[in-house]
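Residue numbering begins at 1 within each chain, and the chains themselves are lettered A, B, C, D, E, F and G in the order written.
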Amino acid sequence: MQGQAQQQAYDRGITIFSPDGRLYQVEYAREAVKRGTASIGIRTADGVVLAADKRSRSPLMEPTSVEKIHKADDHIGIASAGHVADARQLIDYARRQTQVNRLRYGEQIGIETLTKEVTDYIQQYTQVGGARPFGVALLIGGMENGEPRLYETDPSGTPYEWKAVAIGAERRDLQDYLEENYVEGADLAGGVSLALETLASTDDEGLEPDGVGVGTVDAETGEFHRLSNEEIESYLTEHDLLASEEPTDDSEE
Amino acid sequence: MQGQAQQQAYDRGITIFSPDGRLYQVEYAREAVKRGTASIGIRTADGVVLAADKRSRSPLMEPTSVEKIHKADDHIGIASAGHVADARQLIDYARRQTQVNRLRYGEQIGIETLTKEVTDYIQQYTQVGGARPFGVALLIGGMENGEPRLYETDPSGTPYEWKAVAIGAERRDLQDYLEENYVEGADLAGGVSLALETLASTDDEGLEPDGVGVGTVDAETGEFHRLSNEEIESYLTEHDLLASEEPTDDSEE
Amino acid sequence: MQGQAQQQAYDRGITIFSPDGRLYQVEYAREAVKRGTASIGIRTADGVVLAADKRSRSPLMEPTSVEKIHKADDHIGIASAGHVADARQLIDYARRQTQVNRLRYGEQIGIETLTKEVTDYIQQYTQVGGARPFGVALLIGGMENGEPRLYETDPSGTPYEWKAVAIGAERRDLQDYLEENYVEGADLAGGVSLALETLASTDDEGLEPDGVGVGTVDAETGEFHRLSNEEIESYLTEHDLLASEEPTDDSEE
Amino acid sequence: MQGQAQQQAYDRGITIFSPDGRLYQVEYAREAVKRGTASIGIRTADGVVLAADKRSRSPLMEPTSVEKIHKADDHIGIASAGHVADARQLIDYARRQTQVNRLRYGEQIGIETLTKEVTDYIQQYTQVGGARPFGVALLIGGMENGEPRLYETDPSGTPYEWKAVAIGAERRDLQDYLEENYVEGADLAGGVSLALETLASTDDEGLEPDGVGVGTVDAETGEFHRLSNEEIESYLTEHDLLASEEPTDDSEE
Amino acid sequence: MQGQAQQQAYDRGITIFSPDGRLYQVEYAREAVKRGTASIGIRTADGVVLAADKRSRSPLMEPTSVEKIHKADDHIGIASAGHVADARQLIDYARRQTQVNRLRYGEQIGIETLTKEVTDYIQQYTQVGGARPFGVALLIGGMENGEPRLYETDPSGTPYEWKAVAIGAERRDLQDYLEENYVEGADLAGGVSLALETLASTDDEGLEPDGVGVGTVDAETGEFHRLSNEEIESYLTEHDLLASEEPTDDSEE
Amino acid sequence: MQGQAQQQAYDRGITIFSPDGRLYQVEYAREAVKRGTASIGIRTADGVVLAADKRSRSPLMEPTSVEKIHKADDHIGIASAGHVADARQLIDYARRQTQVNRLRYGEQIGIETLTKEVTDYIQQYTQVGGARPFGVALLIGGMENGEPRLYETDPSGTPYEWKAVAIGAERRDLQDYLEENYVEGADLAGGVSLALETLASTDDEGLEPDGVGVGTVDAETGEFHRLSNEEIESYLTEHDLLASEEPTDDSEE
Amino acid sequence: MQGQAQQQAYDRGITIFSPDGRLYQVEYAREAVKRGTASIGIRTADGVVLAADKRSRSPLMEPTSVEKIHKADDHIGIASAGHVADARQLIDYARRQTQVNRLRYGEQIGIETLTKEVTDYIQQYTQVGGARPFGVALLIGGMENGEPRLYETDPSGTPYEWKAVAIGAERRDLQDYLEENYVEGADLAGGVSLALETLASTDDEGLEPDGVGVGTVDAETGEFHRLSNEEIESYLTEHDLLASEEPTDDSEE
């Protein structure tokens, strides 16, 4: 009880520290990330894979309207998890940065550069009063100087570079799965397979092509590619991950 | 009791997260949507149908002054549910966006583009302090490149695309009715019929032409059309939905 | 007790939603409207009638200083109920809008257009922080394209169009009286009579010419006309509504 | 107890409504008016009379420094009651308005026009946050188109026109006295007499010339005139209102 | 207990009224004035006298650094009591006003004019949010058109004109002493004597020249003059007010 | 208990008065001064001495990085006590003022002038909201027109002139020591000796050259001079104040 | 209990003092520093060494993405501990200052100058409202006029110069280790060795090259150099600090 009252004292003040040096609003924003369905990022020798659970809450909802895999530039994809409307703001910000870079320097923005511009933007919302933090995490993946790169942004505004990472609901279990199964030097198809297996690992019912989004940035072409339902179904069939039942109705975006 | 006190702590701070990552003010704004009478959107093969319960609270009130079906542009209709004055603000914003698009690019705005401009605007009111969220949901329907499109905006600023959707009072029951009765490939008249049947499904007394608003965007003409009372009465008669009694007096807008 | 404490939590934050989706400050502003004496609006075939209870609180107060019937433009009258100083602000705003319209478009503003400009202005005070809502309701009546129109604005910023409507103290009883006695197609004199009968319906003592204000916008002339005390007395005598006693002393404006 | 706690909840938020539609800060500002000594305004056939109780709190204080009767323009006097420093602000504002009118239109400002400019200014302090209402009431009297006019402004920003009115301490008793004794058609001297009798009516000890301020705007000259101590003493003597004792020491301004 | 809690509710909101129409922050600022050592002002036939208790808290503090008697212009002196840093702000403001007047009109500012400019400035800090009132009272004395004038400003921003007045610690006792001993028509030396006697009246130990400040504005020269320690000692000796002991150590400025 | 609760009520509002006329935030800022190690200022016949306890908290910290004695201009030194980062802000402000004076008037700024510019700056932070007071006291010493001057600034923004003064930890004991031992007319070396003896008076372990800072402004040269460790050691040896042990580890800056 | 409640009262107000003169938000920001892994700075005769614990929380995280050692300019390195996103802001600020200095003065910025510009920036966030302090400490090291310099900045905005210093988790133990083992006059390699030994002193499992970052600014070249994993491994092997096990999984950044 006492702990609860104390905690309330700090989270009402948006941008202040608790006695143990924590920023509760940032930690609560991390909970908002966990309320969203999961996204997975995997770096392979041949490029980057982004995958997301995008099951819709009603059979009448258009599956394409659950946007979890976004194209930020020709060579960059972004997967998101958490508060959807916040994600849209950050992705718009990221897209503007890619365009500014192109106009100013005549070249594609680097993955790390883009990530840090986004995290600096996020950090402002954790220090200056009058607004709340962003309740969303992003995976930013793409090619930079011929190398595949994969970054995560979290609600505190910290950038992390990963070989493979999960965000959103059940992150811990998904990350454990990735740590056990990630293989250095796998090719892009192997990356897509691992991403789908990871998403399926916490769900006994299997996946439906409509309920999954997959994007890749291939090292060869250097271009972002969004997989078609047919491509996804082919992967799911190959790995015996295809759901036999219809999607559940009460999943939460 | 304890839960209630805790909840109060978070909803007083307009734009902050609760410990479980929720934004209470946005959730309360969703309750404001439910306090408004229902609106229905249905996408058919031949265009989009918008319908709304617009019973007035007094026989002396002009039925036309209960505005639930709005024309946003020649090719776009919007249905609303929730706080009426807030709806007017968003619809004005949407209309300005359609005009800006026409002036800037010399063409009609896309349905998805318009929806996302509206949801970005809504999102700002959920993150930056000094204002409350909009207590209204919209259904934005119209033709885009010859295809019928139907979107929902909610108080969090998330866009959803639907085949058929209900907002406002008794949304859950209405949506269940839609899921059971929606047929792919129906024509526009079938869509109008389904919309009226859905509205009538939660009301034993039947509907009156004055108490219902219906708008369509026909794929052929690509134009928004508001049905006359005669047209609506004809549909109601055909489907045996016409009320025999006078409207109830204490319904709430 | 618990309910009361909870309610206090929400009305202190000016522009936020309660858990059930209500805006308490707007609802309390509606109470401020009820604290003002009543005004009546009636649309007839020949024009619009506005009438108001304007009894003063002392025999030494000039009856003309209780302003409840206002001329907004040549063709528009406005009746108010509620917080007097707030009413003055909104009527000034309305007058500026009529002048702007005249200057910009060279023509008289429409009744619906004016009403919506006023309600949009009111809505701002319910969403953005740093101010309270307006504690006043208006009846805006006039001629538009040869048609009589009558609108109400409420503290939420919602516009309603009416055939006949009451605002202010005892609104519910007065509106019941109107619903029972309103006749479609009555002429302007019939409208004035009904308005005065309605005002008198909740007061056993009858009305005094000084304690009542009446304005009309005649379809023929299209002009706002404020009835003289003699004209009002003649109506009151005709309908046996004239008070025999002196006005009560403690009525509240 | 409960009522008190509830009341506290509303008066802390400067500009918000209570559940019964009241603005407590405005009502408390009215209490500030009652804490000031009384002022009286009387409209006669020959002009307007303003009178004020201006007893000082120490025999060493200069009586002239208790300013209750102010000249606003050649043809306008203002009497005040309540928070003295606030009164000074409003009177300065009124004086600037009279000068602006003179410069802009080349003529004297009307009494009603001036009053409404002042009340609009007062109203702003009751609706927009960041400041408190003015704790003062004014009586604005003067000649307009050959007619004597007398207005009151209160802390809500409402203008009232009066034949005779009292503000400040014991307002209710003084107003009762005025209602019983006011005679239509009295001349200016009769107005001064009634004003002094009214002030004396709540004080058994009589009045001293130093402790009373009187100003008139005569219909003939159209000019504000401040009565000298001799003039006041002559009136007091004539009406047997002259105090025989020295003024009390602890009266509050 | 209950009263205390209630009082706290109002003084936290800087600029709002209590239910009985008081501004607690202004009243508390008056307490800050009483925490300062006393100052005395006396108007005589030959000019104005300002005197102040300026005992320092340590024998190592320079007596001149306890500034209670200030020169505002050639013809105006100001004595202060209360929060020292606030006094410095107001006196700087007053000095700027005297210079502005000189530059703009080519003449010395009037005492009343200066006082009212200062009180208007003080009033702003009692009505607009975001700052606290000034915790200081001033006595402004000087010659205007050959007449000696003496004004007081208090934390509410009210100007008072006095024949003789005390501010600061033990104001009530000192004012009683002045009321009993003030003589109309005394000369300047008599005024200085009365001022010193008044200061000594609440202190059994007598005064030290170092612990007293005296300034005069002589009607003949029209110039502010600060008395030297020798002049003060001569007055103290003459009136048997000279302290035999060393000053106490713990007096508070 | 009750007193504590009451006290909390006032210190949360940054710039408001308590019922007894105190500004708690300013008083708490004075506590911040006492949390800093002591500084001493002494005015002698031949110039001004500033000395400070600057023991560092670790043998690995550079003694020079504990800055307590600052050069503000060629002829002015400043010693500080309290919140170190705040001291840096005020000293930067003081330095800018000396430069502005030099540029604008072509001459060195006076000690009193500089002090008052600094205290006016400090006062702003005690009256206007949105910031806290400065938690630091300064001793400003130097030559002005051939005279040594020594001033103190405190967190309220009050300037005091001293012959000898202590600020910071154990101020009261140090000031008592100064009052007992200060001799008028001592030379600069005598001043340095007294300053070091005073600092040593509350510390049984003696002083180390590294743990003490001393600056002087010599009347002859008129220049600020910072004593070298050798000079300080020589003084300490001469007066038998040299510590034989190593400095303690847990002293607080 | 009571103490806890009292403490809460102060940390909610961002920039205000507690009754004992402390700024709780600054102290809590110091706790945020302790939540970060440690960094070490050592000044040697031949240059400055910066070292940091940078173990990542997952084997799939790229070690290079845990940035604790930053290059601020050719001749300056910065190590950080605490809130990572805050560190990025301060380091960006520092980099801009180095560039501004280069552009404005055509030379490299001094280490002390840079440190003080950073601490002044930090201090602003502790005094002015509307933002929280920075939850990070920095070690700024480099060459200035041929001399190695090493500074620390803390969340209060105080600059300290050190011979050797530790920040972040277990600071006290690490600083004790440094105090016991620091040798004046060691060369750069000795400094690197001591830094690594210090980091290893609180960890029984030894260090991994990937989990440690080391940067040096060599007196000879005057350039910042980041040690490669091979260089680090060589040091670790030489001093028998190499971990035999894989890094623990749950360490916190």
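List of remarks:
Keep in mind that, in the parts below, a contact is a pair of C-beta atoms (placed from the backbone, for glycine too) under 8 Å apart; a residue touches a chain by one contact, two chains touch by 3 or more.
These numbers come from a predicted model, not from an experiment.
Counting the residue numbers that touch the partner chain, chain C and chain D have less than half of them in common. It takes 50 degrees of rotation, in steps of 5, to superpose the Cα atoms of chain F onto those of chain G. We define each chain's centre as the mean of its Cα atoms; on that basis chain A and chain B are separated by 31 Å.
Computed centre separation for the pair chain B/chain G is 55 angstrom, with centres defined by C-alpha atoms.
Chain centres here are Cα means. That of chain A falls 69 Å from that of chain D. Of all residues in chain G, those that touch two or more other chains are 12, 129-130.
If you sketch which chains touch which, the chains form one closed loop in which each chain touches exactly two neighbours. Contact residues on chain A toward chain B in their complex (touch as defined above): 1, 4, 7-8, 11-12, 14, 24-25, 28-35, 58-62, 64-66, 83-86, 88-89, 92, 125, 129-135, 253. Against chain C, in their complex, chain D makes its touches with residues 2, 6, 9-10, 12-13, 15-23, 116, 119-120, 122-123, 126-130, 151, 156-165, 175, 178-179, 182.
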